[in-house]
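After this come two complexes, each holding chain A, first together with chain B and then together with chain C.
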Partner chain A sequence: MKFFLLLLTGVYLLQAADSLQVPLLGDQPDGNRATPIHHIKLLDQDSSVIYPDEHPLLPFSTQKTCGPCHNYAVISRGWHFNAADSAVDAGRQGPPFIWLNRHALIQIPLSYRSWPGVFNPQDLGITALHFTSRFGGYMPGGGVAADTSLQTLKNYWRWQVSGQAEVNCFACHDASPLYDAAEYVDQMKRQNFRWAATASTDLARVEGSARNMPDNFDLYWGVAPDEPRKQPPTVTYDARRFDKKGQVDLVLTRKIPNDRCYFCHSQKFENNQRQTEALYDDVHLKAGLHCVECHQNKLDHQIDRGLAENENSCENCHLNSGRFGAPKPQHKGLPPVHLEKVACTTCHSGPQPLNTSYLAHTSLAHELGTKYAHREATALPHIQAPVFARNAQGKIAPNYMAWPVLWAIVRNDSLSPIPLEQVDEVISPLIARGDSLPTEDWPLLNDSLLTTSLDTLAQIFPQQQVVLVAGTNRFFLNSQKQLTVQQTDVPEPYLWPLAHDVRPAAQALGANGCTDCHSLSAPFFNSKIRNETILSDVQASLLPGNRFMKINQATANLFSSTFLFRPLLKIVVVLFYLLLLAVFVLYFFKGINYLINQLNQQQD
Partner chain B sequence: MSFKENTDNSLNRRQFLKKSAAAGAGLIFAPMVMTRARANDSNDLNVVLIGAGAEGSVLMNSMLKIPGIRFKAVVDIWEKYNLRRAVRLLKKYRHDVRGYIDYREMLAKEKDLDAAIVATPDFWHAPHAVACMEAGLHVYCEKEMSNTLEGARKIVEAQRRTGKLVQIGHQRRSNPRYRFSFFKLIKEAQLLGRITTVNGQWNRSVQPDLAWPEKYAIPEHILRQYGFENMHQFRNWRWYKGLGGGPIVDLGSHQLDIYNWFLESVPKSVMANGGTDYYDPSTHEWYDTVLATFVYQTKYGTVRAFYQTITTNSNLGYFEAFMGDQGTLQISESGGRAGLYREQMAPPWDRFVELGYLKPPKEEAPKPAAGALLDVRETLAPPRYELPVVMRDPYHKPHLENFFNAIRGKEKLNCPVEVGYETAVTVLKVNEAVASGRKIYYRPDEFKI
Partner chain C sequence: MFRISVLIVLLVTIVLYWKNRKQHSLNQLKNQLLQNLKADRPGFLKQLRMFSFAWSALLFVLLGLSGFLPELLTGHHMSGFILVLHVLLAPFFLIAFTFWIFASVKRQAFIEKDWQIFKQGWTTIRSHQPTMDKLFFWSFFLLSLIGIGAIILSLFPLFSSSGIGNLIGIHRYVMLLLFLIAVVFYFRYFSLNQKIKIEEK
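Moving on, here comes the complex of A and B:
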């Protein structure tokens, strides 16, 4: 208890120290809108100045290089870096990382944030080291890649070899056109965490791989003596960039170029009905805005996520403040109930809904922008969009959606996932043996192969039921060892909001009238989403798309059907009014006639 | 698909995740790879690591995987780097460890030690090992026992005087693949027939000198106090006369030890050729290239053995090949280079395959080049049989385990001082042979103390 109190006090004091700290030179803008020039020395992890001709050469440290002028401690708690901090509110769902193993038939949405529907990597035995080397290329350093409290003893030596990936300030602030985010991904895959930020800039090249080095590799060894094909990480700086004092010019900017955001936040959509929904760019960007003008942050790097209550939300700019010259929407003919029940993004974001959902490719899931990118239309992992569902405010909004596909043991009616490494070891060789098709989709499976796979895992877990869960299907062997499939709602798919690209009014749902949504064939209420079937012959591979909207389908259809009669209704109304007018005119003239008669009588 | 059915599943996501987490963690974390220090029990051994550089780190890594080993102290004169790094790492593993610059201070203060692991530069092995034995500790001493025969002799004498156990770090002696090869394949099955020739090498690529961060440099007076003139010498001691023995000692020692072991003999003579041909002789006093030929007189007859170590090209890496009239055993600490090759006229090895002594060849012997007429003088490469023994542990772990189990009275040492001394004599004479340019003869009594 005392320890706990001390810990709390310590945390409080640290926070207080942060808040009391005198702002550093770069912590507060001085009002000058010009971009400051960074003519500075690069410092390594030991705070030693880097000179390009010294030996050994270390990568520069962002903490040591940028830290003297920018409060690294505060920045490193920003939204992009705090996913694993359990004290941070998870907030609205966001894009997950997806653990994919094609031959092991695994597709699991992951996040350290406690979003409903994602799996925590730690619960699946995925260590911070493994997570970082697999996904770290699409994280701007810090957080999981540098949080020593997450590092297991098992991997302690490996962390000594790889180093930590400090907050990569360059991932966002480097305005050089030669900043290479794909190189950063590559370096992280090689577990060159310590070197990755340096390698991604145009200041240096990094070769070799920490992943290949033995546990006891030391930065100052230089080479692996008996492994000529295993080159240790080595950095070579562009000596021309250094002056005699060891200073370099860094091309940095406060106004983050869109390209920096795009690398991790791009998406494309594929659908048989519309081969490729090309990036047509967001209407805001076409109008000259930058991503960071809506998604702002201050020194604390708490990125504005576009939530309704924020200053830069759709609602605030377009309905209230007119910020950035945002036009006030007329929404002519749109019953106000829509603004109460439907999010702005429903009509304005993402691709136009079609009869079946699109397959979406995202940077995080498909490694877009690198040589590793999954390019086939049906490439795994399978993410669908738009899937309309109620959000936390009860409004219908478009989402991305991914089904988990995993192997598990049924225990007391609940599912316990089998450790991923174990599945990989047992299942991958079986599936890989028969996988000769050059595809990025699931390998071609048949009943026999799936039966063998389930049976092989069952031998490792005797007396327990092993299942493969894919979408709503739960595959298992019955007591006669026959392959069986049940329909299940557990686990549910993971959904996260789709907000971009934003379409202008002319391309919004409803621009062509109410029947854009309110008709019996309109995709909004009637589209289908794909089930994750694994086996191609499993029926019901399409499911109703409105299952997450929490609406009564019959009511919706009934309401939609009224639009069939609405043109007739107009005629009836017109006739009614004409009749009313005729009656009115008739009585008017009758009244006139009555008045005339009365006048005549008085004169008489 | 056999049948489909619908079920009403009442399990919700929260329950699912909760149970998943518990089960997943249980399944995953059951086998811990590295062991944490735990509460003392009678089998636990308290150890000090003397020398926490590259080799010390290798040994430390292996020892952290051996249950019942408790680090109590680390000694290293590079306080700001090696010592700090090792202590921090061991504390991470919850070892109650203290750091020392000087081994004498450590021995004076640490009174609860069972064993010392000596992984310092060669010229410090004897002072460290002798002092530890005299303080009542068993010693695991890295090879080479010493850079001089005088130093090696002091270790043997101290061992006999104190009665403590001393294991010399020729770790292949405990490697299950080497032990299987010697005891099963050579001795029991006699697969090689009469060994007539041995060939071995350790070839390495060109390497830059080891560097150091200036801010962590050891103060000059400390360096001099411990026998180094400067940081370069401290970091690259293996190349300096008086401190190390050069590549033939660093690398060749491991493999010449295997020559002696597998031939059950020691050499009669050595002729050697070498020099510092590539590197700067002012910083590389020992020979960067050595080619040596030994003659052994075994109980089966004369064996001629060749060995080379070069540091300018890594072609074919490192291995030892024992060639007999029935077959060849090529073995290496690196598992991928091992294999057995049967001579054409030798009896078939099928029986040994059935007995599990060998794994059958995976591929047929390569055919002569297509289109070429078979030249009867051409000798085709024989099929490659594989060793059935796989070693997944770090290379040094079995040898350290043997040492600790010997302390516990459960095993005999695989490389006691007498064996280490024989190897030291074998190896150190090679440098003599290079220097003199003459054939050097070993006297049988030179190997004994």
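Moving on, here comes the complex of A and C:
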């Protein structure tokens, strides 16, 4: 009993201590608006001060260097780092990472968050190590790149070699124009997780690759004697940046420069002349705002995502608070039902819709800003926008969309994706053999190649139906082993909101009148979205763009057609109304006249 | 709020129907209308009045149903096909209504006799059917002007979204009031006829 009471008291005291935790020096601003100067010592993972002339030199550790003044534990649970934390609400859909393998015919939107339409990497056999080395360059460290619970025993030694990518504070807070985000991507691809943050700053250079190191590579002893040709990851600090005490000046800021955000959050729309010519066209940025003024966060790094309930959402600034001098929109002539049924972004965000959706390139999917960037207009992965769909609030909003392209086994009418490694081993050699065109689009395919591929996989999975799903097309072999295509709704494409660039009122949908949307040819109701066809001669390469808007096309067309004779109707209505008004006014004055006469007579 | 108002009007309609259920029948309505028409002087104006009244009444009921039912049943404003229907029918109602007003306005103008009745107070006005009819007519006319005017103004880019919202609000509430007046007017026919029949006996 005593022990139990003691235990309870201990737990209570621990909780109390936790709740009374004193904020660290940099956890909250002291009220001074000036940017603090960081004249500090760099510490490595062993908490040793780094001096540029010592050996062996380790990369600095953000946890050890920044942690003494900033609560690393709290920060590392922020939105950019908590995707794999199952206890965290998935929230509104966001940009996925897309697993792409041209020769294996794979394009799968991935996320550790349970968004509808994305695949969890673990379900496809993608390990945290794989995920981090492939996509970690576009993640600011922490999370998957540092979560030991996600690391498999199989990769244990690889993680020892690469290290974990700690939260890279510099990815956002480094205000130096020499911060090199592309270098960070490169380092992550080389599995230099431990070194990536250091290499991306202007303090040091990192050469070599952890990926090439054997499992028994030792961080302190360097390369094994039997592997002399392979260069281990090596860091060289710029000695001029260190003073005698080993301190360096870091240009860090709370007000994140837009460029830091852009590196991971850029997008390009093919065939959109306006955007190609005028980069950074967002009306808010043109007005002098920064990304982080709307997308704010506190110490917990839970970034405001522009949701209606956020303090700096469109609605709050433009309708309520008027913050940052946000003008209150007049929306002259716009019936208020639009504000109930349509999100602000529908009329104000992204490129003006065309008859067919744009192909979009995004930083995360196309590795924009690096030497690996997929530059061709039709480069994979195929992302299209704007695709209008109902959001969680039931409002129509523009989205990016990516169809999954994957190999699967049909089990009880549901699809079970085949592990990617297995597909790569079997399919890639078959397709790569005939792919001689230097293109970033799907390789040229024909029926026989697809038949062979399906047949080869079917031999690995006997008695089961193997299918290739691409957009709404499901390819499989029938009982005579002939290639068959079937239309399918499963799996659904993944859609995520498109919010930028924000267009001003003069460029919004509807600026030219109702017929911007309400006409039989207006793209808003009548545009087409691209299907993922793989084979060029497959039917239904374009699909109705309104399939996700949940509207009745006939009603929309009927309503749009009323706008054809609306001007005439307005004239008729006004004319008849004026006649009515004239009659009323005439009789009104007659009545007044009579009343005055009567009153006069009474007086007389 | 508007949903509750619609509900109240619906309840009033049900109560009035319940109160007049014995006198009320479509046959009686037909007879009453025919009786009124017989009393009318024959000619073009009579035909125009008949025709425009019939269309106005029919379109008014359809507009009322399309406007109020979605609100009552779903709590949301009309949309989709119902909205298209409402928007398409409304101009035709205005045209028919204008013709009806043109054909009836002279008959419904207040005259010397009405002035005398007005001077005697509400009890006398209530019992005098032609004067009451005129009161209904002019209140109907005035409210229609307000309701229709509000929605016509909202068709032009003169007001902001909130302004248009207010105009639509005026339109909805005024039309609901109009609907209530029409319902009271409609059932008044039967209760009055019943009284007349009792008095005749």
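Keep in mind that, in the parts below, the second predicted complex is superposed on the first by the 541 of 604 C-alpha atoms of A that agree within 3 Å, B and C clash if a C-alpha of one lies under 4 Å from a C-alpha of the other, contacts with A are read in each partner's own complex, and residues count from 1 in each chain.
Heads up, the rule we're going with is that a contact is a pair of C-beta atoms (placed from the backbone, for glycine too) under 8 Å apart; a residue touches a chain by one contact, two chains touch by 3 or more.
All values reported here derive from a predicted model rather than from experimental measurement.
Trainee: Going by the contact rule set out at the top, does A:157 touch chain B (first), chain C (second), both, or neither?
Mentor: In the superposition, A:157 contacts chain B only.
Trainee: Determine, under the contact definition given at the top, whether A:332 touches first (chain B), second (chain C), both, or neither.
Mentor: Touch status of A:332: second partner only.
Trainee: In the superposed arrangement, does A:552 touch chain B (first), chain C (second), both or neither?
Mentor: After superposing on A, A:552 lies in contact with chain C but is clear of chain B.
Trainee: Looking at the overlay, what does A:415 touch: chain B (first), chain C (second), both, or neither?
Mentor: So A:415 only meets chain B here.
Trainee: Have a look at where A:112 lands relative to chain B and chain C in the superposition and call it first, second, both or neither.
Mentor: In the superposed model, A:112 contacts neither chain B nor chain C.
Trainee: A:215 in the overlay: touching chain B, chain C, both, or neither? Say first, second, both or neither.
Mentor: The first partner, chain B, only.
Trainee: After superposition on the shared chain, which partner residues are touched by A:598: those of chain B (first), chain C (second), both, or neither?
Mentor: Touch partner of A:598: chain C, not chain B.
Trainee: Count the residues of chain A touched by chain B and by chain C, then name the partner with the higher count.
Mentor: Residues of chain A touched, chain B against chain C: more for B.
Trainee: Determine where on chain A the residues touched by chain B overlap those touched by chain C, and list them.
Mentor: none
Trainee: Can you list the residues on chain A that touch chain C in the complex?
Mentor: Interface residues on chain A, with respect to chain C: 329-341, 551-552, 555, 558-559, 562, 569-570, 572-574, 576-577, 579-581, 583-584, 587, 590-591, 594, 598.
Trainee: Name, in rising order, each residue of chain A that touches chain B in their complex.
Mentor: 46, 48, 55-56, 116-117, 119-120, 122-125, 153-154, 156-157, 160, 214-216, 218, 220-223, 225-226, 228, 408-409, 411-419, 421-422, 447, 478, 482-492, 535, 537-539
Trainee: Applying the document's contact rule, which stretches of chain B touch chain A when the two form their complex?
Mentor: 1-7, 9-13, 15-17, 19-25, 27-29, 32-34, 36, 54, 57-58, 60-61, 89, 92-93, 202, 204-205, 207-208, 210-216, 235, 314, 317-318, 334, 394
Trainee: In their shared complex, at which residues does chain C touch chain A?
Mentor: 77, 79-81, 83-84, 87-88, 91, 94-95, 97-98, 101-102, 105, 109-110, 115, 141-142, 144-145, 148-149, 152, 154-162, 164-165, 168
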